[in-house]
Amino acid sequence: MGSVDRTYILRIDCADRKGLVHNITGVLYRAGLNITSTHEFVDRESLHFFMRTEFAGGFVLEAVLWELKASLPEDAVISLTEKRRKDIVIMATREHHCLGDLLLRHRYGELNARVLAVISNYDELGDLVEMFGIPFRHISHVGMGREEHEEAVLKAIGLYAPEYLVLAKYMRILSGGFVDRFPNRIINIHHSFLPAFIGASPYRQAYERGVKIIGATAHFVNHSLDEGPIIAQSVIPVDHSFGVEDMRQAGRDVEKVVLARALALAFEDRIFVDGNKTVIFD
Amino acid sequence: MGSVDRTYILRIDCADRKGLVHNITGVLYRAGLNITSTHEFVDRESLHFFMRTEFAGGFVLEAVLWELKASLPEDAVISLTEKRRKDIVIMATREHHCLGDLLLRHRYGELNARVLAVISNYDELGDLVEMFGIPFRHISHVGMGREEHEEAVLKAIGLYAPEYLVLAKYMRILSGGFVDRFPNRIINIHHSFLPAFIGASPYRQAYERGVKIIGATAHFVNHSLDEGPIIAQSVIPVDHSFGVEDMRQAGRDVEKVVLARALALAFEDRIFVDGNKTVIFD
Amino acid sequence: MGSVDRTYILRIDCADRKGLVHNITGVLYRAGLNITSTHEFVDRESLHFFMRTEFAGGFVLEAVLWELKASLPEDAVISLTEKRRKDIVIMATREHHCLGDLLLRHRYGELNARVLAVISNYDELGDLVEMFGIPFRHISHVGMGREEHEEAVLKAIGLYAPEYLVLAKYMRILSGGFVDRFPNRIINIHHSFLPAFIGASPYRQAYERGVKIIGATAHFVNHSLDEGPIIAQSVIPVDHSFGVEDMRQAGRDVEKVVLARALALAFEDRIFVDGNKTVIFD
Amino acid sequence: MGSVDRTYILRIDCADRKGLVHNITGVLYRAGLNITSTHEFVDRESLHFFMRTEFAGGFVLEAVLWELKASLPEDAVISLTEKRRKDIVIMATREHHCLGDLLLRHRYGELNARVLAVISNYDELGDLVEMFGIPFRHISHVGMGREEHEEAVLKAIGLYAPEYLVLAKYMRILSGGFVDRFPNRIINIHHSFLPAFIGASPYRQAYERGVKIIGATAHFVNHSLDEGPIIAQSVIPVDHSFGVEDMRQAGRDVEKVVLARALALAFEDRIFVDGNKTVIFD
């Protein structure tokens, strides 16, 4: 059976109550599964339970899922999927560093995703993308209203049916309507340690405030600009000798590493969204 | 019943096999316990299973322990204890920074331990220790062989029957025989990011090697100098302008924070020793 | 001459122009001084020049200062002082960790300052302070208006004539009038990586925002709450398992290290205030 | 005059003595140069003086250099060059992450260097390099002695006359004779925080030692393996859940960022080699 080598990921979240882990592991034990890792967490404020289990084995997936549903409370959100690369579309504007880094990882099988296309409102990055053999779609916003532009973008995205949209320094704000199409499926990299320096020009703001650290934040996009659930953050030290451009340049290495880290977590189904926060099992 | 508010820690390790979590959680579920956190890990090389669970409740401890033993394989090491402060003895030489930091934490109930005494081979730190109302035992090594000195120290320790010995910059090497009395119960802070700069004068070595980071390592003490299982490490950047003394001074803040971090983990029973490594559930 | 071993610190700032360093080093060279370190920096936006030089020697201080004034532009701010401990007063409220850390450093001569007194609006910390042999002044704010309380505090401070006021978790907001008495002489530790989480309860805010890093910021106090020039910042990672209290506890070690670092810089005269930013020569 | 916009870098090192800065800045002042940054440092153990100055201006370079030589002691090493991209050759083996990162930076003018060629003892990376339009030279070591292989490599390098050789995960040890051709001109990235884990398989060694941090070190290559002067180091935290492969993967992002950082410093002439250490003005 080829299925013997497959790995599966089970994710469950529901209101906490006694016996959940015992019930769940019972189903998995009776199915004879070979569990390779399990994480669980109960949010003490919301009293919500989260669990992620990885296992290998050749088995009747539907039966396990059915038995889990039978033994868990009705509010439980259960997903049981094969561990596999995610299909993604990347959106960018004119900055190359995050995009280039993702394309390199993708080329060498380190992104855990298939990049179906890159969409940009500028054409500068087209050569880079096509060099890597990825379709590039230039959808200019010039002379268009936001709604019209978003519709064109959505139409292009629709051709690929991606599981995630990755905003690799895409510099336009997405409308609530756009975001609603991809709930907790759009990942953005913001070039500050949020919630400091929301909005445009965070390095300019950081320079003017005279901070001694700068950073980057990868987060899910929701209706509020730069306020979605945070996935990963990192910082580096700066000092008075850093001008805005020095900060921007130093920040690039943080941005690309933080974005790649967030994507690795998302694409292995390690993130639960818990209100406006994330529970991450890594 | 006052026992309702107590918290208990269950620790289990044994060779991995299917159904362990299900069996264990079954015992806890049937006892009606209120589990507040659970961590498990399987070492993929040694195929060894580790689990730590915290729960609250008023119940017959012996019955739970008995049922766990009955349902787990014979090789399982099981401990079930109330969560409580540990009894410790601190050993120091002449440097005050780690000791002072621990005494402050202790005074304000942040050490999760009772400091029964401080033992030093010098008397400089006596005033500091006594200022905090802790017994200070000066056991000079001058004019004594190592064996004789260790016997005197062991005799003093024996009066307190501590669960852990904390070496807060105790600068003498302990014999194998001494260490064997406290297996995985002696925690040392070494002033380098081990395994770099084993032995004396790590800051001098770091200075001469021209490293750009220095650090500290908290570890269990075993027979090999500075080679016991590592609990916690941290580093800070330095540059060419740091002389040996600058490194020593900058390193102090790392040392004291790393030692305190390791003790917090140990005193909450969050550390398993796995060969020469540690599995830490935090 | 005992003066041979003294170290002096020369600090100069003025509008930048050509030849400044040459002129300054010329004065020092002709005086036969033994320079041990020199730093200079020109802010490229404000075109302002900053320089700090340390030197040793037995010499006529007034003559050097006079010659410097003669050879530098009129707008130059020149200070030439012996390197020595600063006189400080610490203000605290009820948290002990920063205060305790400073008292320990002070006891062992590592603070580079003389702590003349500790003032608090609560009395809890009195025992700790007096244990270290430092005068403790309890000035309760209860039943007083802010103005009245500040006057009482100012009167107490007046007895000591400190060069710096250190707010070691002093939790009351100081009025503009109070701050004006000590321009760039009040150093505060704020328990967030500013400008994130200004105001009270930053850990509660951080918890609710779901950040993955928390931090601390030491800064000079000016008229705007938590907006004065930043001296030092540091962060540590957190995750979803950290409640507010866990963040607060983890943050303490960052706070005390960042405050101590800022004080070391200030008390060695290594900080220039450049608008709302700091230029730091370390 | 086009020369007006050029930037020059002056580097001086010599035994320390009084008046050096005054003399040097005097020459620059009399030449009417517009200094944009100056750093100096005296190594207190070796009593050696280091200085780096950047300035702009259209002027007679030879005259300034001549005057500097006349006014400085005979042992002074003086270099005065235009600030410009360096010519480099990159050497790699089979790992793509450092090389790919450098090629991306190079493509977008962020490397401050011209990559003249990439040489590898394997051919896997050829497609990547040629995709970026850079010559790729495959010089297999199979069936060759080390000496013979090095000669072939040297011959290939000779075609390009690079100022720096960058070892971007080049996994063969270079002979002393090879290294002597490029004194302090070969920069290597080693995948550990040296001096920990010298030699092959540092991630395997780190895994077996059970460290809680891993890192990377960029250094100049000298006769002793992994013992040349360190330029830059960085680390990231790991825990018991990291297998060797997880460490290797996590380490890649550190390696590429540390190498790029070291190259930025080298290519802007910011590094002095001081015995087996580096003095870095950034």
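So that you can tell them apart, the chains are marked A, B, C and D in the order they are listed, and the count of residues begins at 1 in each.
Everything below uses one rule, namely that contacts are C-beta pairs under 8 Å (C-beta built on N, C-alpha and C of every residue); 3 or more make two chains touch, one makes a residue touch a chain.
All values derive from a computational prediction rather than experimental measurement.
Contact count check for A-C and C-D (C-beta pairs in contact): higher for A-C. Of all residue numbers used at the contact between chain A and chain D, over half are used by both chains, marking a mostly same-residue interface. Averaged Cα coordinates give chain C a centre that lies 37 Å from the centre of chain D.
Averaged C-alpha coordinates give centres for chain A and chain C that are 41 Å from one another. Residue positions of chain B touching 2 or more other chains: 44.
Chain D makes touch with chain B in their complex at residues 41, 43-45, 193-197, 208-213, 215, 229-235, 239-241, 243, 274-280. In the complex of the two chains, the chain D residues touching chain A come out as 96-97, 100-101, 104, 107-108, 110, 128, 131-132, 249, 253, 257, 260-261, 282. Residues of chain C that touch chain D in their complex: 18-19, 21-22, 25-26, 28-29, 32-38, 40, 42, 44, 237.
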